[in-house]
Amino acid sequence: MWTKIERGERMADTQPFGRFLGTEITLLQSGQAELQLALRPDLNQEDGFAHGGVVSYLADSALTYAGGTVLGPVLTLEMKINYARPAVGDRLIARAIVVSSGRTQAVCRCDVFAQSEGGEKLCAAAQGTIIVVPKRPKPT
Amino acid sequence: MWTKIERGERMADTQPFGRFLGTEITLLQSGQAELQLALRPDLNQEDGFAHGGVVSYLADSALTYAGGTVLGPVLTLEMKINYARPAVGDRLIARAIVVSSGRTQAVCRCDVFAQSEGGEKLCAAAQGTIIVVPKRPKPT
Amino acid sequence: MWTKIERGERMADTQPFGRFLGTEITLLQSGQAELQLALRPDLNQEDGFAHGGVVSYLADSALTYAGGTVLGPVLTLEMKINYARPAVGDRLIARAIVVSSGRTQAVCRCDVFAQSEGGEKLCAAAQGTIIVVPKRPKPT
Amino acid sequence: MWTKIERGERMADTQPFGRFLGTEITLLQSGQAELQLALRPDLNQEDGFAHGGVVSYLADSALTYAGGTVLGPVLTLEMKINYARPAVGDRLIARAIVVSSGRTQAVCRCDVFAQSEGGEKLCAAAQGTIIVVPKRPKPT
């Protein structure tokens, strides 16, 4: 979650759910992350645009990756998302930045854009708290 | 999104993304909705528990369905989620209620539980605004 | 912030800003807090009802006090509030509960009611994260 | 709430609660608002820094004013705030922008800074939904 990759390199998300959906990591550098997800009918709600849950998943993940670039192994503690416009297009692009960070926590923001032939349109804005993974035994 | 079903009846979510993940609607009655989702490795993050995006998707959907029971066709305008505990178990259960509603909007809350042999544990708490679908042409 | 008081006892908030506004602590017991604030013209916005900032202040404080009943000295890390109805009345009453708590953090919810002769009406719903005060030197 | 003022002009907030606290409007132009508030002991919590409720009040107001610059008479429907750092200093400065807006709603973000001799430090980040005041009789 915290490996830095070069700008422009495109890497599959290594989390099972990210792979399942087809998430690509398109930018990871200090204080920033960008994720992309190709849209397809399976990811829609009944009105023909991407389900809000897909948009919030991508925002949440981008917030986590952005926080991870400054904190190391992290989790999202909480997040908030405003849906600004139906997510219609070929691809979602989530761009997250670190707004403030301390030793164990970071506040991050994310904008999610729907990309189509006509360009990119903002479809959601998110904000959340990313925390260093607490030291405890992994669930087995 | 707003059809009332009898308590206890279990119905597949009719939204493509809900079907894709396997979401079941287990309760829809005035002011309340319950959704369930069987967990499987595809829905996990790398640590072996359900990805936060899965949890927030289910919470978001339950908020929407709950709001829909009092408002008719609806969308989630915005939501906030706190992750309280890793979502480890066989099944997620999201229970949402309407806290306040007007003519075009409702404030709803949702608790998400992870169910395993040991019972149910709260893994997330969400709150959001559900709005009546604005009258405008559907995207084509 | 964490002293337990008997139910029904009414105590002035000992924080300067709480005293300045006239906040009363009307309940503090494990996992719960209730604060009250008498409304007056100074606390209004231009439309004759309590300013949203007054409502969110009271919700935030109640969340903090509730968290403090289980965690000891605490701070609000973040919060979210939905304004459900204009806060018109003689008095605001904020009731907060702990939804989930760990060693250093708690997720709390709060309902704010406006009380008038006609009874109590929900005017806002809040949710937030309360954390144990980090060990660091006090600002001087 | 929606009168445009020239950049740099400093105007007292005309809302009773804003006047009570001493809020100044230091910028109002299309899509942006800046509010300032001189800190004083009355606005503190017990630890010597501004009460979170003061910070969230200022953020909420700045979000509303920013939304008002594009929508006209408005209300805050909901907001979320992350406290990033104790608000220690002489003055709080809240800078809000419109991220997205439609006919009746806007999504806005706000950063709150604590200003002292050492400069400005971000102490909170907020995001919320601003809506056009619904057409209904004013409360009397």
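Which chain is which? They are A, B, C and D, in the order written, and residues in each are numbered from 1.
Going forward, a residue touches a chain if its C-beta (ideal position, glycine included) is under 8 Å from a C-beta of that chain, and two chains touch if they have at least 3 such contacts.
None of the values given here were measured: they were computed from a predicted structure.
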| item | value |
| --- | --- |
| Length of the shortest touching-chain route, chain B through to chain D | 1 |
| Selected pair, greater C-beta contact count between B-C and C-D | C-D |
| Centre-of-Cα separation between chain D and chain C, whole angstrom | 20 |
| Where chain B and chain C are represented by their mean Cα positions, the distance between them in whole Å | 28 |
| Residues of chain A engaged with two or more neighbouring chains | 77-78, 80, 82, 129 |
| Chain C contact footprint on chain D (complex, rising order) | 1, 14-18, 20, 41-54, 56-58, 60-61, 64, 75-83, 86, 88, 138-140 |
| Residues on chain D engaged by chain A in the complex (per definition of touch) | 80, 82, 84-85, 99-100, 107, 109, 111, 122, 125, 127-129 |
| List of chain B residues in touch with chain D within their complex | 77-78, 80, 105, 129 |
